[in-house]
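Below are two complexes that have subunit A in common, paired first with subunit B and then with subunit C.
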Partner chain A sequence: MKINQNLAVSESGFLFNPGTGESFTVNPIGAEIIALFRKGMTQDQVIDSITDQYHVDRNTFEKDLQDFTGILKTYSLLKQDD
Partner chain B sequence: MEKKIYERPHIVRFETGMPGKFGMRNDLPPTTHIDGVAVSELVTRFGSPLFVLSENSIRTAYRKLYKAFSTRYPKVQFAWSYKTNYLSAVCNIFHQEGSWAEVVSGFEYDKAISNGVDPRKIIFNGPAKTREELVKATENGSLIHIDHLDELYLLIDVAGSVSQKPRVAIRVNMDTGIYPMWDRFGFNYENGQAWDALNKIMHSGKLDLMGLHTHIGTFIMSANAYAVAASKLADLARSLQQKFNHHLKYLDLGGGFASKNTLKGSYLPGSDTNPSFNEYAEAISSALINSHFTQGELPLLILETGRALIDEAGYILSTVIANKRMSTGRRATIIDAGVSLLFTAFWYQHQITVAQGNSQYREDTSLYGPLCMNIDCIRDSINLPLMNVNDHVVIHNTGAYNLTQWMQFIHLRPNVVLIDEKSNAHIVRNKEDQDSVNGNEMIPEHLAKFE
Partner chain C sequence: MIKPTYTIGVTGLNAIDSPGPGIAVIRGLREAASFDVRIIGLAYETLEPGIYMHNLIDKTYLIPYPSTGTDALLDRLIYIQKQEKLDIIIPNFDAELYSFMKLESRLKDIGIHMFLPTFDQFEERHKVNLSKFGKKYGINVPEGIAINDPSEIYKHIDDLEFPMMIKGKWYDAYIAYNQDQARTYFNKIVAKWGLPVVLQKFVHGTEYNVTGLGDGEGNLIAAVPMRKQYITDKGKAWAGISIDDEELLELTRKFVRSTGWRGGFELELMKSGDGKYFLMEINPRIPAWVYLAVGVGQNIPEALSLLALGQKPTSFGSYDVGKLFIRYSWDMIVDRSEFQNFSLKGEV
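Up next is the complex of A and B:
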């Protein structure tokens, strides 16, 4: 996964894409996932990190992450690795 | 280290544009308790999905409506509309408050009798009464509301074979200025059918004409329609006085008051737009008091209000089975209560809230039930907090018609619980088991076995 590195993400969950001018609001866990991708983590590493910190089983989070990354791709915030 | 509470990751793009004319708050708080009982406790004890009825809400609604009418009109009597919700526990709350019974079939008639209702306080409506039912109702002294000429002739015939004189009214349909005009019940006012039927009854001498009845429609959004109906019934009553010197005991304005539910396609919620009890009471009472009746002559006013008295007392508790995304990108959530339990989902945008800690983030969601049918949609579009599998939701205003028109389809029907005024929960209808469905079946011998 390759996150758009130009994104501006505020602590309160406001996300701005300077490339398109679009703005988003993201919840804290969503912001955390985006931050982990920006650090270069793989999908598996993100799952490890989140399931270590939160009350959620691996299957549930994997399913939710798949949905979330699907939306990020739709908004051109995330690209699949070549 | 203590793990943090999990919420699904969520992102939404800001949309700019003109705000909607009807933009309203839709971030309803979670419904964690119903009448002091925790939703999570109810689901744990009685299962999910679960119908919950509030005795306090039923009694409060009854007293509010009765006060609206009794402060405006001297003689008021309510008759509980069995078809709206004929769970015996519910019927008996209304009977304890003073309601008679309004039934529309032999099944409902027998149910009212077995509930202990005085037969003389049962109003027998409906378009399909059998001879046996008419004989029984006549012998019991119940009030029989005649729907059509065939029933009138049958009842005159019945009157010749029993010792009691049937106590009757006719059902009158009429134009009250609303659409659609209901003309399938009773005799029409405008074309003279109603007056003809009244003449037949008076000339027969075999029936005791007690009153007049009308049921102008359902979910009537205009209180004035009832004023028109009351005036037309009063006109018929005056004609009977003038021609036969016959004074009617009662006028029955039927049911049809809107509840606080929101009809599909409405911009604004029903709680803001539907007439209040006071508006209905003012329209009907004023029309009768301003008619020809002198003060001593005013007939008893009977009302068969069902929906508006019970809708808000009913809840369905349901559990999230799955979250998914549709081909268009829309969020969809599947819950374990479908349209087989919530028939009124076809008419209303039911208010739905979550039952646990509220996320500040919301998403537009389609809410589907558990049936393997494409029509099983509880809400096409509703803004809900982020929900996880096994979270609970509360569907509001489900007390009217769902517990009589529900169907057993694919799944067995769940427990129905009544919360009393002391916050005790009682099962008032047990959940079904395999035998509830299969018990009445029989397999012919040649079909009993197969390889």
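Up next is the complex of A and C:
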């Protein structure tokens, strides 16, 4: 997964897509996930990182992450790897 | 650096809910880096708010409506020129542009410079001709047709389908969901703006606008794209944000290059669900939201004034992305005597 390179992300979780003018807010865990994608992590690496840090089982988080990335793709904020 | 002072006449002082661009243009001129200004307002109505905004406008004159003909306008402008020695006029209404274009060389003879589209450019991009325009220049334009009788609506239902846009020659646009509504809007528009009325295929999507400036030789001097963030019931942007979209900028460059556009302009576009841009309208003048362009680093009114004076301003290379404009309304307190003076004498 690749985060839209132009996306502006604030620490507080405010996202601005300069190409479309759309803006969004995400909660702290959403902001953290986006930051991990921006570092170039794969989906599996993101799952590892979050499940290591927080008290959440892998299956539950995997499902939640799928929902979240689905929304990000809908708004063209995230693209599937080529 | 010693800056020259130019006296500039500006129309479109109706800073109302569907605002004329005048006040935004004047704000840009007042912030010009290369010159100082004395601003002369040119108003059609006694209650145009700009008339009473003395912090922005030094003096305002009433001018006759375009419908009274160019002779009446020329007489009035000759009178104003004797008093004020205008260097430039920036007309800001679609409906008055034709008159000013007709008077361009005569006004130049008395020292008033303008930088307007040519007659061909003005006509070609007209709502009535937009479909042809799109085909000629390879730009996506929703299918449309100009009609002169409401009975013609029926003939175009299969091609355009409901909902369809019903648009006035100069202003106003409505979405009609059935034939009854289409007829009602047709009559409403004819009563206000006359014939023809334009039927246009409805494109569902997000509205984007670009304001820019062409030098008349195919070069784009300025271009700032904006996404409408808040839209009034009249379809006007009450808030917007500058964006960075190469496709929009390329489309704008193509428009200016292929038409050799001369002057300020606004492109109104719709981005459909599948990400395709459709050019909905080309306004042949600076838009009311132009102060966003000034605020993000492209002072279009200043550059247009320099072009009018025969200078060659360099193209703006960039602008700040992600800056918003948020419009607001504001009640001024005006003494009755001022209103009275303007109503009786036509100047204040």
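To be clear about the criterion, the second predicted complex is superposed on the first by the 82 of 82 C-alpha atoms of A that agree within 3 Å, B and C clash if a C-alpha of one lies under 4 Å from a C-alpha of the other, contacts with A are read in each partner's own complex, and residues count from 1 in each chain.
In the analysis below, a residue touches a chain if its C-beta (ideal position, glycine included) is under 8 Å from a C-beta of that chain, and two chains touch if they have at least 3 such contacts.
Bear in mind the structure is a predicted one, so any value in this text is a computation, not a measurement.
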Subunit C versus subunit B on the shared subunit A, clash or fit after superposition: fit
Partner with the higher number of touched subunit A residues, subunit C or subunit B: B
Contacts of A:N27 with subunit B and subunit C, given as first, second, both or neither: first
Superposed arrangement, angle subtended at the Cα centre of subunit A by subunit B and subunit C, nearest 10 degrees: 90
First (subunit B), second (subunit C), both or neither touched by A:G19: second
First, second, both or neither for A:F68, with subunit B first and subunit C second: first
Touched partner set for A:V56, first subunit B, second subunit C, both or neither: first
Touched partner set for A:A8, first subunit B, second subunit C, both or neither: second
Lowest C-alpha to C-alpha distance for subunit C against subunit B (Å): 5
Doubly contacted subunit A residues - partners subunit C and subunit B: 22-23
Interfacial residue positions of subunit A with respect to subunit B in the complex: 15, 22-30, 33, 53-56, 60-61, 64-65, 67-68, 70-72, 74-75, 77
Subunit A-touching residues of subunit B, taken from the complex the two chains share: 3-14, 323, 325, 329, 359-361, 386, 388-389
Residues of subunit A touching subunit C in the complex: 6, 8, 16, 18-23
Contact footprint of subunit A on subunit C as seen in their complex: 206, 208, 226-227, 229, 240-245, 271, 321-322
